[in-house]
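The structures considered in this document are given below.
Across the two complexes that follow, subunit A remains constant while its partner is subunit B and subsequently subunit C.
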Partner chain A sequence: MKTTRREFLGSVAAGAALIAAPAIVRAQGADVIRIGALCPITGAGGPYGSGMQKMIIAAAEAVNAAGGAAGRKIEIVAEDTQTNPQAAVLAAKKLIEVNKVQAILGTWSSGVSLAVIPLTNDAGIPLMHCSGAPALSVPPANAKGLGFRFQATNERFGRAFAEICEKEGFKRPATMAFNNASGIGNTEGFAKAWKAKGGEVVESVVYEPNQASYRSELMKVLAANPDVIVTGSYIADTTIILREWFQTGQPVKWIIPGWAANPQLVEALGNEVVEGIISVDSVSNEGSEAFKVYDEAYQKAMGQPGTNNVYAAMTWDMMTLLALAIEAAGTADIPAVVAKLRDVDHADGKKVSTFAEGKEALKAGKINYEGASSSLDLDEYGDVTPDFGAYFIEGGKFNRRYIVKI
Partner chain B sequence: MDAYLAAIAIIALIYMLLSLGLTLQYGLTGLINFGHVGFFAIGAYTSALLSLQGVPLALSIPAAAVTAGIAAWPIGLISLRLRDDYFAIVTLGFSETVRLVITSEKWLTNGVQGIPGIPRLFESISVGIGAQLAVMGVLLVVTLAAIYAMRRIVASPFGRVIEAIRDNEEALQALGKDPARFKIQVLILGSALAGIAGAFYAHYITYIVPDQFIPLVTFYVWMAIIIGGVGRVSGAVVGTGLLMLFLEGSRFLRDIVPGVSEVEMASLRIGVVGLLLVLFTIYRPQGLMGDFTKR
Partner chain C sequence: MIYAQLAVNGLVQGLVVGLGALALTLVFGIARFPNAATGDTMTFGAYTALTVHKASGSLVLGSIAAVGGAAVLALVAYLAVFKRLAGRSVVSLLVASIGIGFMIRAGLGIAFGHQQQVFNVPLSRPIRIAGLAINPLDLQLAVVAAVALAAVFAILYLTPIGRQMRAVADNRDLARVSGIRPERVMTAMWLIAGGVCAIGGMMLGIKTVVAPEVGWDMLLPIFAATILGGIGSPVGAVVAGLVLGVAQEVSTPFVGFTYKIALSFVVLLAVLLVRPRGLFGRIEGVR
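Let's look at the complex of A and B:
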C-alpha cells in the first residue's frame, strides 16, 4: 500500500487538529470548576479504580447536563495513584499546583490517603476518600476537617461483625485477616468489640497476600474448633480459603465482608460451598433512587452491574454531594463549600437522589442527598455513618435478614 | 507549578542517590544487587522511628546510613561465596525478607498500618515552596557530595581494584589482592547511600508503609542505570533524570493528547519503558553515557 502525499498531509492535519483541540476546549471552559479524580487505576486497587474514576466523570457530566453547579461547569482532571503513596503524592501535587483543582476525590487505600491528606490540607482543599484507617478521622491527618470518608471505617465493620455474632448466638469465633491495614482493621475491630461484650476469640491468623494455597493458615484456625470464622479478606483469597475449607468438611459458619462475599464469589465456588455464609456490607442503599441512577451510569460506562463496585458508588456520591454543596454555597469558594457539605446532607431536609433534583429543591429549602453508596450523613469527623446489612447466602441468593445499626 | 517541579526534583534526587549506590555495586564492582530497596526501607524506617522518638533529623539521617550499611554486612559475607545470578537471588530474597519483617514486627513498625506523621525536614518553615526548596537544596548538596565521592573512588586505587573485581576476579586474586574485603566495603557504602535516600524519602512523604518498598523500586533504579550507562557516575545521574522525566512527563502527554484514558496511559507508560530497555540493550548496551573506550 502506498501513501499518497495528499493522504499523508491529511493525516498530519488530523493529528495537528487532535493536539490543538484541547486548547480550544480549554479556552471555552475558562470559568469551569476543576476537580481532581485521584483513583487507583493500577496496583492493588486496579480492579476498582477505573470504575471509580469513570463514575466521578459520569457524575460530573450529570451535573453539567443539569446546568452546572453554581452556574459553572465541572471539569475533571484525572490521575492515577498506582495504589502507591509516592506516585499519589506526585499526582496530587500536579493536580493542586498545575491543574489548580478545588478538591481531590477518590483516593482508595489508606496508605495513599494518609500520604495525600497533608498536601490537600496545605492547599486548603477537601480530600474525599474511601479509606478505612481510623487515623484519617482525627488530627493530625484531619486537623483541618477537610478529609471526608465515604467508606465505613474498618473499626465500624468490626463492630458490625461483633453485633451479628452476638445476634446469631456464636460463642467461639476465630478470625482470619489479609495482611494489610484494611484486613487487619476489620478483624481487630471485631476482636475489640467482641471482647468488650465479654467474648473470647479462640484463634486469629493473619495471612500473606497472593498465595496459591492457604491450607496451613486454615488448618491452624480450624484446629481451635471455632463455631464461626470472621474474615477481613478480599475475593481472590476468600475463594481459595473457602474452597480448601469445603474440602475439609469441618462444619463452621463464616462472616465475610461484602466486598469479598459477593455474587462473583458464588459464581466462582457454586451454591453449595457458600450456603449459609453471612456477608456483611454497609447497606449501599441499593433500593434507593440514587443507586438506580448510579447503576445505570455504571452499566453504561463499565458494562457491569453497579453492585460489582461499591467504591464506584462512593465516588459517584462524592462528586454529586460536592456539586450540591457548591450549588448551595452559590460559589466555588472552598471554605464556603465545605461548610455546606453537611447542610445538603441534612437529616431534616427534603430527600433528593440526583443533582438535578437537589438543585431544584435547594431553591425551596434544605435538602438531604440520599446517596447511592449509603445515606451518607457525614458526622463531625467527616465520616459517613452507614448501617450494615447481614446478607445470608441461601441457594446462591443474597437475602438480607436484618440491618445492624452501630 | 513551581512546587510540583520541586517535588519531582526531590523524588528524582532521592532516586539518584539510590542509583549512585547501585552504580558503585553493580556498575563498578559487578555485584548484581536486586535487593536495593531493602536498604532503602531500612534507612526510611530507621530515620522515621528515631525522629519520632525526638532524635533531631541531623542525627537520624546519618543513623539511617549507618544502619543500612550494617545491614549490608551479612549480605557482603554471602557475596564472597556466591557469584552473579546466585547473589542476585539472595539479595532479592533479602529485600523481601526486610519487607516481611517490617510487616510482622508491629510493636516497632506498626505493621501494615504504616507510620504516619513523620516529621518533615525544615518543619519550622511553613509548608509551601520555601520548605520544598530547602529540602531540595539539602538533597542537592548530599547528592553532589555523593557524586564527588564516587568520582574520587573511580579515580583512586580502590576504584581500580573494584573494577578489576568486576572484570576478572581470578586475575586479581592471582595478583595478591583479596576481593572479599573490597566487596564488603562496596556493599556497605552503596547500601549506606540507599539508607540516606530512604531517610530523605520518609521525611519527605511523611508516611511510610511496607507496600512502598516493593522490588519495583529496585527495578526502577536498574532501569535508570541501564538507560544511563552502567558503570558511569554520569550514567546514574542522566538515567535517573530521564526516567523521572518520562514517568512524570507522561502525565502531561495525556493532558495534551485527548482520548487516552488513565488506564491506557498506565499500561502505555510501562510498555514504553520496557520497549526502551529492549532497544537500549540491542542498539546501545553501554547506555547513553556508556564507556566507549572498551570493546
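Let's look at the complex of A and C:
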C-alpha cells in the first residue's frame, strides 16, 4: 500500500486532533464532579441495568438543576459491567484512571462488586452497589468502609425466605444455588435461619452457570422429595431449571429471588409453569415522597412504572445521597464526603425527599434523606435493611400477598 | 439405573458441544486456524431460527432458515476477512476471528436486545423407555442432530467436493498440484461449517435460552472437544463432544455438580497424556 503525501498529511492532522481532544475535555472538566455509573447494561443484569444507569443520570440532572453539589455540577461517566467481573474490572479501571471519577455507583451482581471493590478501595473512592454477598460488608472487601450497599444482603434474603417458608407451612425444603457468592449466600442464609427455627433442609445442590441442561441437578434434588425448593439463582438458569422441572411432572413449590422470578420469566415459560411460584424481592419505599419523585423520573426515562425496577430506585438514592453528602461536606474531597454520608441520613435530622429540599434544609441543620428504595439508615457496615415482599405468581400476575420484615 | 439416566442427560449436552466442535475442527483442518467466531455463529443461527419460528410457528422452517443464514454469514466472513488474511500467521487469523465474533455478538445485541428470549415450544412430559425418562423434545433434537451429522459426513466422504476437502486438509500443496481449486473447497467448507453451527446453536437455544452470549459461553467446551477428538478429525469432534457430555454427568455422584466441568478437563488431560494426538487425530509431520 502506498501512502500519498495528502493521505499522510490527513492522518497527521487526525492524529493531532486526537491528541488535542483530551486537553479540551480536561479544560471543561475542571469544575465538575465526575461520578462513574457502572451498571449491568448487558448480561444477566440486562433487564435492570439501563433503568439503573438512567436513574443515576436523572438524579444527577436533578442535582445540577438545583445548582449542583457544593457549587459544582455533577458529570456522569457511564460504563457497562456486562454482568461479568472481568469486563467490570476493565471498565472500573478506565473510570478510575482515565475519567478520574470520585465514586462508582450501580454495580449489581455480587461477583462484579467483589471484583471492583479492591480497585475503588485502592483509589480511596466509594463503591455504592446493589449486591447481596455478605462478604461485601466486612474486611477484606470492605476494609476501608468505602463500600455501601443499597440492597439487602443475601443473608437477609435467606432469612426472609425462611420466614415465608414458615408462614406457608413448608416442612421439607431443599435448596439450589448458582455457584457464586450471591447464589450460595441466599441458600446458606436460608439454611441458617431455617435451622435456627428447628427445621431441616432435605437436600442442597450448588450448580454451575452456562449449562445446556440442569436435569441431573434436578434429579438429585427431587429425589429427596422436598415440598419446596428455595433457590439462589439468576433468570437464565432459572428458566432452564423450571422448564426441566415442569417436564418431570413432580409437584413442588418454589421460592425464588425477585431478580430471577420476574415478568420476563413468566413470558419465557408461560403461565402454567410458573403458577404458584413465590417470588421474593426487597420492596421499594413505595409510600415515600422520594419514591414519587423517582417514579416520575423513571416513567419519563423508561416509559414504565418505577415499581418495575427496585434497583433503579436504589441507584437514584445512591446519587441523591452522595450529592447531599458532598453538599454537606462543602467539598468533593472524598474522605470528607464519606464522613458525611451517614450525617445526611441521620435519624435525628429533618426528613427530606429530594436533593433540592435537602440542600435547603442543610443550611438549618441535620437532615435525614428518606430514600426511594428504603429509608436507608446505613448501618455500621454500610448496609441497609429493606422490607421484603412475597409475590405469588397467579395467572401470570405478581400478586404481593404480604410484606416480610426481618 | 441412575448412571444410565445421567448418561442420557449428558448425551444431549454432548451433541450440542459435538456439533460446535465439528464446525471448529472442519475450519481447523482446512483453513488451518481456530475459528473463535464459531460460538457466535451458533448464536446467530439460534436467533435466525427464533425469528423465523416466531413469524411462521414452524421449527422446520426455522432450522432451514438458520442453516441458510449462518452458512451465508460464515461465507461472508470468509470472503470479507479470512480470505484476505490467508497465508498470514495463525495468530492473525485467530485474532480476526475473535473480532468477527465480537461483531456478530454486538450486532445481535443491538438487533434483538440483551434480554433472554426463548423458543415457545410446547412442554411435554418425558416418555419412559426401559425405565429411562427421555424427553420427546430431546429425542427430536437428537434426530435432527443425527440427520445433520449424517448429511455432513455424506458430503465429506461420499461426494467429489468432500473428497477434495479431505485432500486439502491432508496436504494442501499436493491437493493444489493435483488440480483441486482451493477456492471451491473453501466455499463449501465455510458453508458447511456455518450450517453445522446453526444446528448446534438452534439446539442450544431450544434447550436453554437465547441471548447474545450463549454461543460464546460454549466456546471452552467446544475447544476441549475439538482437542480431545484430535484436531481436524470430524468424527473425533462429535465423539469427543459426547464423551465429555456423558463423563460430566456420570461423574456428578462422585464429584458433585460444582466440579463436573473441571472433571471434563481431567478427562481431556488424561486422554492427551496417553494419546497426545487426541482420540482420532493423526500424527502430523512438520513440513
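Convention: the second predicted complex is superposed on the first by the 256 of 406 C-alpha atoms of A that agree within 3 Å, B and C clash if a C-alpha of one lies under 4 Å from a C-alpha of the other, contacts with A are read in each partner's own complex, and residues count from 1 in each chain.
Just so it is clear, a residue touches a chain if its C-beta (ideal position, glycine included) is under 8 Å from a C-beta of that chain, and two chains touch if they have at least 3 such contacts.
These numbers come from a predicted model, not from an experiment.
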Which of subunit B and subunit C A:Gln247 touches, first, second, both or neither: second
Partner chain in contact with A:Thr239 - subunit B first, subunit C second, else both or neither: second
First (subunit B), second (subunit C), both or neither touched by A:Leu90: first
Partner chain(s) touched by A:Thr42 [first = subunit B, second = subunit C, both, neither]: both
Partner chain in contact with A:Asn179 - subunit B first, subunit C second, else both or neither: both
First, second, both or neither for A:Ile403, with subunit B first and subunit C second: neither
First (subunit B), second (subunit C), both or neither touched by A:Ala65: neither
Subunit A residues touched - subunit C or subunit B, whichever exceeds: B
Which superposed partner A:Met219 touches (first subunit B, second subunit C, both, neither): second
Overlap of the subunit B and subunit C footprints on subunit A, listed as residue numbers: 41-42, 179, 208
Residues on subunit A engaged by subunit C in the complex (per definition of touch): 41-43, 46-47, 179, 205-208, 210-213, 215-217, 219-220, 235-236, 239-240, 243, 246-249, 264, 268-270, 273
Subunit A-facing residues of subunit C, complex: 2, 5-6, 9-10, 12-13, 16, 109, 113-118, 120, 123-126, 133, 135, 204, 207-209, 211-214, 217-218, 249, 252, 256-258, 260-261
Residue ranges of subunit B in contact with subunit A within the complex: 1-4, 7-8, 11, 100, 103, 111-114, 116-117, 127-128, 201, 205-209, 211-212, 248, 251, 255-259, 261-263, 265-267
Footprint of subunit B on subunit A - complex, ascending: 18-19, 21-22, 39, 41-42, 44, 50, 53, 77-80, 82-86, 89-91, 93-94, 96-98, 109-111, 114-115, 118, 122, 133, 135, 140-141, 179-181, 184-185, 208
